[in-house]
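Given below, in the form of C-alpha cells, are the structures.
Two complexes come next, and they have one chain in common, chain A, joined by chain B in the first and chain C in the second.
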Partner chain A sequence: MSTFIRKDLPTLLIAIVGFAIVAEWFFPIKALSDFKSYLGLVVTIIYRVSIGIGTVYATTSEYAVWRRNPTKQQTIISGSMFAMIIIMALVCVFYGGLDAGYNAQYRWFQYNIYQPQSQAMYAVMFLFQCGSLYRVCRARSMESTIMLVAGGIFILSCIPLFASYVPGISELGTFVTQGPSLGGTRPANMAAAIGAIIVGLRSLLGKEQSTMETT
Partner chain B sequence: MDEKTQKSIWDKMGSIDYRIIYATFIVMLSIPIFYPLGIPMKISTPVQTYYDAIVDLPPDSAILVHSFVDLSVWADTGPILVATWNTLWDIAEEKNIKIIAYVSIPDGAIKMDDLIQGELKPPQWRIDSYGETWVDLGYIPVVNEPVQASFAADIASVCPTDIHIYEIGSEWVGTPIYEIPVVQEVAARGGDPNKLDAYDFDLYIWGSWGCTSPDQWVRQFWTTGNPAYELKMVMMTIGNCVPNVMPYYGPDKPIVGFIPGSAGAAGLELLCGHMGEGIVMADIGDLAGIATVAVLLLGNLSYFGKKFFEKEEEG
Partner chain C sequence: MEILKTGRIWDLLLFSIFLGLTIYYLDRASKGKSLPKIRSIAALEAIREGVGRGVEIRKPVHYSFGPYGAVVSGADVSQTVASLGILQYTAGLCARLGARFIFHLPQQPFAIPLLEGAVDEAFLKEGKTEAFDKARDMRFYGTGSMVFASAMASSFMDDGVAMNVLVGRQTTIIYPALEAAKIQGAINIGGTARWTAMYIFALTCDYIFIGEEIYAAGAKVTDNPYMIASIAAEEALKYLFLAILAIGLILSAAGVNIPAIFKV
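On to the complex of A and B.
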C-alpha cells in the first residue's frame, strides 16, 4: 500500500471533514449544517459496522484461544460453551431473520444466560471491592488517611440509613464531592480540554503522530 | 506454638480469611431478599430535584428520554428506570407533555419492549395517542461522543426511521421520523419541523453507569452548539459515580437532579407512589453499607491496635 493511501489520504479526509465542522460553528450556513448532519449518519454507519467487525474478530480470537487448551477436559468444557454461543448466534440470525433480537430464542438467551451471567460478574466485582477495602484502606500515611476519611464519609452518606438518621452526614458527603473532589476534577478537566484542542489541531494539520498511527 | 509467634488479637482482626468476608457479605445481601426489612429512609435532595424536574415541567414541554438499560447492573439501575417511567406515565394528559424516547444498547430494546408491554404499560390515553404524544424510536447507539454530537445536532442523522417494535405502536415501524406527528411537533418548536435537535427539548432524562459519562453528556448536550444547547438534564446512575456527577449538579447547572443507584430509586418510588424493587434494594444497600463500614473499621482497628498496643507491650 502506498504512503499516499495509507497516510496522506486519511489525513486529508480528516482535515477536510474537521475544518468543515469547525467552519459550520463559525458560519452556520445550510450547506455546512447539512454536511454535518450527513456526517452524523456516516459516524453511525461506521459505528454499527465496527460492531460487526468486532464480532468477527472476537469469534476468531476466541476460536484460537480454545485451540490452545492444554487438556482434553478443558477443550471439551470451553468448547461446548463456545459452540453453544455460536449455535445460539446462528439460530438468532438465520432463524430469526432481521428481527433476530426479538425472537423467543434470543429472549431466552438474554434473560436466562446473558443477564444472570453479567450480573454475577458485577456482583463478584463488588465482593472483591469490599474485600480489598478491608486490606488496603488503612490509615498508613497522611494521604491514605485523607482518602480513608473522605471515602468513609462518602460511603456513609450513600447508605440510606445513615444518610437519613445521622445528622450532617449527607451534608458532609456533599462537601467531600463538591469541595475537595471538585477541586481535583476541575483542573484535570481543564487540562484535558486544553490538551484536546491541541491534539485536535495537530490532527487536522496532519502532525499528530498518534492519529497517523491509527489511520 | 512459641509465645512470640502466636497471633495477637490485632493480628487476627487484620487477617480474616477473605472467604469469611465474602460469606458475611453474601449473607447480609441475602437477608432482605427473603425477609424485606423496610428500613426507614428519607428522600435525598438529588432524588427530590430529579422528581421535581419532571413533574414541575410547564405545560407543552418536550422530554427526551434515554431508557437506560444495562442488564449487568439491572438490579441497581432497573428500579430507577421503572420509577422514572412510572413518574412520566403519571403526568396528566392536560399538561400535553411530549416524550421522545430511545434506548442505547441492543439488550435495552428487548427489555424496554417487555417492560412497556408489561410492568410499564402506559396509561390508555398514551396508548391511544402513540406517535402523537410520545414515541419510542428504539435502539440508537448514542454511546460515544461522535454519535452523541450528531444526535444532538440532528437526531434523524443517527436515527432516520422509527425502529421500535412495540405492538402498541407497530404502525410506525420504518417510518421516517419526520413523518411522525410528535416528532414534527417537537421539532417545530425550534423553528424547523424537519430538524429535531437538542434545542427542541426542555429536559433530557438519561442514564449511565460509566463514571466519565457526565463529562461527555455535559460537553455534548450543554456546552456544544452555537449558541450552546444548554439542555437541562436529570441522570440515572450508580452510587460509585456520584463524585463525577456532583461537579455538574445544581439548580443552575446542567444536571438538575440525579438518582444514585437503587437506594435513590427507592426515594423516587416513594415520591411517585409506585412501590417496586427499589425499596428492597435500599434494604440491601443498607446492610451492604453496614458490612462495608464494619470491615473498614476492623481493618483499621487492627492496624492501630498493632501500632500502639503492641509497641507498648514491647516497651
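On to the complex of A and C.
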C-alpha cells in the first residue's frame, strides 16, 4: 500500500474533518452543523460494527488460546468454560433478544454473578486503600511532613467529636481543602487541559506520531 | 447576520493563539532550528529499568490503559494518544531486550484495532513480529471495571509480573490491580491526566507520570522534533496563562468585574 493511502490521506481527512468541527463551534453556518450531525451518525455506525468485529475477534482469540492448552485436563476444563460462556451468550441473544438490558437471562447473570463479584472487588479496593495509607503518611521530607500534618488536620476535622470540642479545627480543615489543596488542583487541571489541546492540535496538523504507521 | 456565535469571541481568540504558537514551533522544527529540551522523566527511565528487570527475572511486563482507558472521542482522547506513545515505547523495549509483553486491552472493543496496530508497529520496528504472541498475551475482558481489575490481578498471579505500566484515562477502580502488582513485587508505574485519580498512583506506584507529564512523555519517547516542538508550544501557553492569571488577580483586586469581560 502506498504511503499516500496509508499515511497522507488519513491525515488529510482528519485535518479537514477536525477543523470543520472546530469551525462549527465558532461560526453559525448550517452546513457545518449538518456535517457535524452526519459525522455523529457515521461514528455510531463505526462503533456498532466494531463491537461486532470485536466479538468475533475475542471469540476466535479465546478459541486459539484454548487449543494451545498443554495438558488434556486443562483442555477439557477450559473448553467446558469456553463452551458454557458461548452457550450463555447464545441463550441471552436468542431467548431475550439483542437488548441485553431488558433480557431476563442477562439480568439473572448480572444480579447473581456480576454484581456480587463487583461488590466484593469494591470492598477489597477500600480495604486496600485504608491499609496503604501508611505509605503516604510518612514524614520523610519537609514536603511529606507538611502533607502529613495537613492530612491529619483534615481527618480530625471530619470527626464530629473533634469538630465539636476542638475550637477552629473545622475551619482549619476547610482551609486545607479549599485553600492549598484547591490551589494545587486548579493549575494541575489547567496544565492537563493545555496538554490535551496541544495533543489535539498536533493530531489535526498531522504531526502526531503515536497514531501513525511509520514502518 | 452574525458572523460569530454569541459568547465565542474569547474562545476563538484563545484557539488562534494556541494554533499560532503550535504552528510557529512546528515551523521551527521543520527548519531545524533549536528547540527546548524536555527534561528527563523519572517514570520513563524506570520503564527501561523495568523491562531489563523482566529479562533478568524472566517475568513479563504488563501494560494497560485501564478499563476505560482507550477513549477515542471527547476530551480524554488526548490521554489515549499520549498513552499510545508510551505503549509503543514499552513494547519496543520488550521486543528489543527480549522481555515477554502482556497487554491488557481496555473495555472499548472499537479501540482494539488501533491498540493492536500500535503494538504490532513497535514489534515490527524491532524486526521481531513473531515475539508477541497475541492469542496468549493480548487479553480482552469485556465490559466491567471490577472484572478488569480482578482479571489483571489474576494475570499477575498466573504469569508473574516484573513491571506493571498503567497509563491513560484512569479511574480509581483500577486500584486492586495496582495493589496486586505491588504484592507480587513488581515495579508499578502509573499516570493519568485525571487529577481525581492521581492519588491511587501515589499510594501504589514506584514512579508516576504526574498529570500532564503523560503528554510530555508521549512526545519524548518518539524522539520526533515535531512532537517536541508541540510540547514547547504547550510550555509557552502555560506561561501565557500564568500571565493572564496574574493580570486577572490584579484587576480583580482593583475592582474590575472580570467575568463580565469574558461574556462577550
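Here is the rule we use: the second predicted complex is superposed on the first by the 137 of 215 C-alpha atoms of A that agree within 3 Å, B and C clash if a C-alpha of one lies under 4 Å from a C-alpha of the other, contacts with A are read in each partner's own complex, and residues count from 1 in each chain.
Everything that follows uses one rule, which is that contacts are C-beta pairs under 8 Å (C-beta built on N, C-alpha and C of every residue); 3 or more make two chains touch, one makes a residue touch a chain.
Keep in mind the model is a prediction, meaning the values are calculated, not measured.
Engineer: Once chain A of both complexes is superposed, is A:E143 in touch with chain B (first), chain C (second), both, or neither?
Structural biologist: In the superposed model, A:E143 contacts neither chain B nor chain C.
Engineer: Using the superposition on chain A described above, determine whether A:T55 touches chain B (first), chain C (second), both, or neither.
Structural biologist: In the superposition, A:T55 contacts chain C only.
Engineer: For A:R135, using the defined touch cut-off, is the partner it touches chain B, chain C, both, or neither? Pick first, second, both or neither.
Structural biologist: Touch status of A:R135: both partners.
Engineer: Name the contact category of A:L156: first (chain B only), second (chain C only), both, or neither.
Structural biologist: First partner only, chain B.
Engineer: Taking the superposition as given, does A:V65 touch the first partner, chain B, the second, chain C, both, or neither?
Structural biologist: second
Engineer: Just chain B (first), just chain C (second), both, or neither: which does A:Y38 touch?
Structural biologist: So A:Y38 only meets chain B here.
Engineer: A:V199 contacts which: chain B (first), chain C (second), both, neither?
Structural biologist: The second partner, chain C, only.
Engineer: Would you mind listing the overlap between the chain B footprint and the chain C footprint on chain A?
Structural biologist: After superposing on chain A, chain A residues 25, 28, 43, 47, 114, 118, 121-122, 133, 135, 185, 189 contact both chain B and chain C.
Engineer: Provide the residue numbers of chain B that touch chain A in the complex, in ascending order.
Structural biologist: Checking each residue of chain B against chain A gives 16, 18, 21-22, 25-26, 39-42, 44-45, 71-75, 106-107, 109-111, 113-114, 141, 144, 146-147, 149-151, 153-154, 156-158, 160, 165, 215, 226, 239, 242-244, 246-247, 260-261, 263, 266, 282, 285-286, 288-293, 295-296, 298-300, 303-304.
Engineer: Help me check something: in the complex, which residues belonging to chain C touch chain A?
Structural biologist: So the residues of chain C touching chain A come out as 2-5, 8, 11-12, 15, 18-19, 22-23, 26, 73, 75-79, 81-82, 84-85, 88, 109-110, 112-114, 117-118, 121, 124-125, 134-136, 138, 140, 142, 144, 146-147, 149-150, 172-173, 175-176, 179, 193-195, 200, 202-204, 210-212, 214-216, 218, 222, 224, 226-227, 229-231, 233-234, 237-238, 241.
Engineer: Note which residues of chain A are touching chain C in the complex, please.
Structural biologist: Within the complex, chain A contacts chain C at residues 22, 25-28, 43, 46-47, 50-51, 53-55, 57-58, 61, 64-65, 68, 114, 117-118, 121-122, 124-125, 128-129, 132-133, 135-136, 185, 188-192, 194-203, 205, 207-211, 213-215.
Engineer: Given the complex with chain B, which residues does chain A contribute to the contact?
Structural biologist: 25, 28, 33, 36-41, 43-44, 47-48, 99, 101-102, 106-107, 110, 114-115, 118-119, 121-122, 126-127, 130-131, 133-135, 137-140, 148, 152, 154-156, 158-165, 170, 174, 176-178, 181-182, 185-186, 189
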